[in-house]
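I have a structure I would like to understand better, so I am pasting it below and will then ask my questions one at a time.
Every chain is named by a letter (A, B, C and D) in the order it is written, and numbering of its residues begins at 1.
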Amino acid sequence: MRFASDNSGPVHPRVMEALVAANEGWALPYGNDDWTRNAADKVREVFEAPDAAVYFTATGTSANVILLSTLTQGTQTIFCTPEAHIHVDECNAPEFYTGGAKLTLVEAEHGRMLPKALRAEIQTLREGGVHSPQPATLSLTQVTESGTVYTLSALKSLVDVAKDAGLSVHLDGARFSNALVALGVTAAEMSWKLGIDAVSFGGTKNGLMGVEAAVIFDPEKAWEFELRRKRGGHLFSKNRYLGAQFGAYLTDDLWLEMARTANRSAARLEQGLAGVAKVTHPRDANMIFAELSRDRHQRLNAAGAQYQVFGSLDGVADEPLPCRLVCDWSITEAQIDRFVEIAQG
Amino acid sequence: MRFASDNSGPVHPRVMEALVAANEGWALPYGNDDWTRNAADKVREVFEAPDAAVYFTATGTSANVILLSTLTQGTQTIFCTPEAHIHVDECNAPEFYTGGAKLTLVEAEHGRMLPKALRAEIQTLREGGVHSPQPATLSLTQVTESGTVYTLSALKSLVDVAKDAGLSVHLDGARFSNALVALGVTAAEMSWKLGIDAVSFGGTKNGLMGVEAAVIFDPEKAWEFELRRKRGGHLFSKNRYLGAQFGAYLTDDLWLEMARTANRSAARLEQGLAGVAKVTHPRDANMIFAELSRDRHQRLNAAGAQYQVFGSLDGVADEPLPCRLVCDWSITEAQIDRFVEIAQG
Amino acid sequence: MRFASDNSGPVHPRVMEALVAANEGWALPYGNDDWTRNAADKVREVFEAPDAAVYFTATGTSANVILLSTLTQGTQTIFCTPEAHIHVDECNAPEFYTGGAKLTLVEAEHGRMLPKALRAEIQTLREGGVHSPQPATLSLTQVTESGTVYTLSALKSLVDVAKDAGLSVHLDGARFSNALVALGVTAAEMSWKLGIDAVSFGGTKNGLMGVEAAVIFDPEKAWEFELRRKRGGHLFSKNRYLGAQFGAYLTDDLWLEMARTANRSAARLEQGLAGVAKVTHPRDANMIFAELSRDRHQRLNAAGAQYQVFGSLDGVADEPLPCRLVCDWSITEAQIDRFVEIAQG
Amino acid sequence: MRFASDNSGPVHPRVMEALVAANEGWALPYGNDDWTRNAADKVREVFEAPDAAVYFTATGTSANVILLSTLTQGTQTIFCTPEAHIHVDECNAPEFYTGGAKLTLVEAEHGRMLPKALRAEIQTLREGGVHSPQPATLSLTQVTESGTVYTLSALKSLVDVAKDAGLSVHLDGARFSNALVALGVTAAEMSWKLGIDAVSFGGTKNGLMGVEAAVIFDPEKAWEFELRRKRGGHLFSKNRYLGAQFGAYLTDDLWLEMARTANRSAARLEQGLAGVAKVTHPRDANMIFAELSRDRHQRLNAAGAQYQVFGSLDGVADEPLPCRLVCDWSITEAQIDRFVEIAQG
């Protein structure tokens, strides 16, 4: 009963097979190999963006911050929500890579940034002139950190505010695939067609060993990305093993299949918990934010279920405690049903 | 009628005389001169801190950020209010000097940080472990950016929260003198006796040409400050001219006399505006935050009064518009009374 | 005939098997898994350093710069040779991670730093006081970038100069294993027993997919390393796949076996080239720096041999052109002999 | 007998008078005052550059590094000589302000960079591709740190190498005035007419209290400079006092008059030392590098002469010891002659 995160399950067997298959002979280092080229081409196909610059990095944070620092200087600011992974969970990596840019927090509801609040923050900073950090970049997360998914039109409203103000737009798509299948749209529709400039297209949380694709639609920014990747220590000599993973990911819709499975599992779990859990954010993809009474948490904990509970397990039995439940591609129906059974207890 | 800021008036004549007097012959560079030594000794006397490290820099931002970067590393965070000068008005200088530390914003009322909110923010970050920036430093502003003054016991509550959590405490005292005379306490009582580790002790906003004293009570941190001052380009070769100013400032209580005058002027202005202005933050020192109707602002503007109005002068005549009015040591009663007369109109 | 680098060959089959074996079920993220723990324990055993902090990163640059930035601040300097990988091949990564520390270049012969030159450089900077970057860290490379290996006593002389001056010492051991088998000493003898504080213990150039162990002998520095790893985007969620590789590496002496093979191959190649190649640096491990006449390079190139030639292939036939030849664990005797045959041709 | 540096003498009386005169009433802050505007206009006139962006900072290091960071990013490199002030005497300020750019040292003779060596260094880095820092900026010092002056054609050769490679060129002109009068050329001829992009035009070492003009000939870079000045803590609120100094400096050729006096004094000193001092670099302006026997240094030291001696005063009497002697505008003929008399003794 593993619902703590989607970053802890195994690698999909087809990805592992691709790694083993790639382990033959000698390959040019630093991404000048066929596996990397092939995987980058596949990303460009998926995004219908033949000119896009595509790179592979091994962690979500590195994809985010190399992209953000390609778009943002140290005298500038990045707009994000108070819940944003880049603000909360990356130990100042964005500040570090940009040389000291600020993260300006913009009000959000259920993890989704409010366009009006974004406009107001930009306006305030503009009035500050040289005394303020300069508005440069909007960073949105899709699936959001609250498990919700922006509709295309919600994204569009935010991107429009950014573009009106001359900002670049980055999408933290650690769970890009889960959002895509939730909305039933294409990668192009959820990115450059809206005006988004750069995407961290996640793989690690969706069945890979540790690969994200960093996609930049304006190829003129490619070289600046490459320099920052190298300077960050993220250029792999044996890059073929990143390429091989991502190639397999995008072969025969494996990435979509795994995302669909994960979302379906979360739906099953949500349904199963009906009556005992109060869902606090709309469950749009593979994450559930909910409140369960403390005694239910205690029972689940005793049974070995793993997931995030916010608060102490000790206390009044029927007090509701918030928690987060995440499903990855590998969770089984049996595990879900067992969890439900205990929770329903 | 100059109420825009206390950073725009002339230098006090006694300070100017000291500069002229210092302009004799040759002096060792980089602060190894008698004027600097003498002024630093005076600061130590004022603070009753014989071991304190004392340096002079030419801008408030430089004093703040060299101190903050002496106390804070790039993987860490500084706690301040959303209105803090270091967050709002220094174009990411704290992020820059610290190598990418974050500024964690803590809820405040009338510019004064709430201890409970500080404790909660520290707690949240602690739980994040390596994923969160590490709590390192609390930075408070006295007089606050809203023109209010913390009582000693209010400061104490905040410092205690910080100290319990192992944080250092910095005081942005751009208007330190104004706060001191407002409270009628000593510099020691308003700093190290509370547990404060470092103070930006302002001079520029209180009659100097451009000097702040950076005071660090633990002399073991002195060398790290000196390196950051040099690396920031803030070590003056002809440092005697900074020392001469600050020496004059602390001679015969000139600093207190100017601060008292400024506070008294603001009180007179506030009193004069009674009935037409709604004061929005308690006026504790030399700054007034108030709302006046737009037509009053229009009349004042037409008469050449200079001060900050937040909003457009065009619009409904009797709509209240917020503004900020600051008195420095040089403002005359005649100017104040004339301003009042027009506002009362 | 692949002699361009040891960063381009395949992963050793036993390492691949370990990866496949690790791909079972769920594991705690961020290194809190058994594979990581097991591999770290093995590193501690190899180094006879039960208290050492051990971490795994995926690139040599990241291991180097996270360690260097744990030991060095932005106001300080790192001493290295003009040929050092950290100076020449990391696109300012050390400057970036340390927040702007300088790399002070110290004279070297055949890639080996001269102790007298190191002492002189430290002395010069010390005299500069606050105007100079502060001497902080010595970084040595073993095997050097010129393919030579320091004897233990040569290392000792350098470490002693550093320690006398209060510096920390880092060893860039991208080819640590090759040096170890070349000298026939233990990991402890070639590190902490000499006074070395931190080692980048390479795996990628010696048969792994992409893993280096960062070893810090003073565990009090561990947390600072962890923060910088996270902030650099180098903390892997699925860390077990790093641990599994390094665990296999250190099992049944695989690491030593691969290094011995590589060194032996280079010796065979050097021997084979006797008469036609002038070796320009002593060949101590798995790299040969030599001069061959241009026509020999032309023949080798035409036959598809891959290696670094410094200069143009077009020109006078019998002019000597320098080149670098590197052997990894996977190069076959047949390839070596074929290369020799063509070169001798 | 003050020959230690030109950064320690008094401010010229006409500059002091201008400061006193500026101390009237209220002035808009942050450089929006008449004194600043007037002085900037005068700089533009002197440089015959009506579109140039001109700013005033209070230290030479700040002028250098704000300019350098406007021209250079953290993934890039700045070329300078091993003696360059920015490398030797600014405690990593260039690395800090640029976010970690490297300083690539280029061979020089008598402090003057060799064009051939510059071209070779650029070439080497270009070949490194993404692994090398990217060539961005050439920084030259005029008067050099060895007291020599580049001829215009020597400067031209270096600028041409830089421009061919797409680099920007910065001139550290801490002693710009001394070089100008030494060569008898115009400011335009010694800057933009050669292709130089930015100049630190010194005042502090030539009779001011602490002001340098930062001049950028391409006004499109102005805003980036302003942001970096603010972020560095170098934007003065009471900027009029910087403007007033520089305005007086450029009035009635005071700057040239002081520089001529300083150079003339150095010539007189050099002449006086003929026979007892061996000049080690051509004395082109106001600095002498020479060797005197130790006993002469001992006598001078005993008589209270202040200047830099490189080496210990204790030792063999007739051993030559190198020293540096600098004349500023305020040194008197009597002091020079007395120094000579003792040295000749």
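One rule holds for everything that comes next: a contact is a pair of C-beta atoms (placed from the backbone, for glycine too) under 8 Å apart; a residue touches a chain by one contact, two chains touch by 3 or more.
These numbers come from a predicted model, not from an experiment.
A.B. asks: What is the chain whose Cα centre is as far as it gets from that of chain C?
C.D. replies: B
A.B. asks: Would you mind telling me which chain pair, C-D or B-C, is linked by more contacting C-beta pairs?
C.D. replies: By number of C-beta pairs in contact, C-D is the larger.
A.B. asks: Distance between chain B and chain D based on Cα centroids, please, to the nearest Å.
C.D. replies: Each chain's C-alpha centroid was found; their separation is 34 Å.
A.B. asks: Suppose each chain is reduced to the average of its Cα coordinates; what separation in Å results between chain C and chain D?
C.D. replies: 41
A.B. asks: State, to the nearest whole Å, the distance from the C-alpha centre of chain B to the C-alpha centre of chain C.
C.D. replies: Roughly 51 Å, centre to centre.
A.B. asks: Could you pull out the residues of chain A that touch at least 2 other chains?
C.D. replies: In chain A, 74-75, 90-92, 96, 99-100, 130-131, 227, 230-231, 235 touch at least two other chains.
A.B. asks: Going by the contact rule set out above, which residues of chain C touch chain A in the complex?
C.D. replies: 2, 5, 7-11, 13, 16, 19-20, 23-29, 57-62, 64-66, 90-93, 96-97, 204-205, 209-210, 227, 230-238, 241, 306, 330
A.B. asks: Mind pulling up the chain C residues that touch chain D in the complex?
C.D. replies: 74-77, 88-92, 95-96, 98-103, 105, 128, 130-133
A.B. asks: Using the touch definition up top, name the residues of chain B that touch chain C in the complex.
C.D. replies: Checking each residue of chain B against chain C gives 30, 74-75, 99-100, 130-131, 134, 224, 226-228, 230-231, 235.
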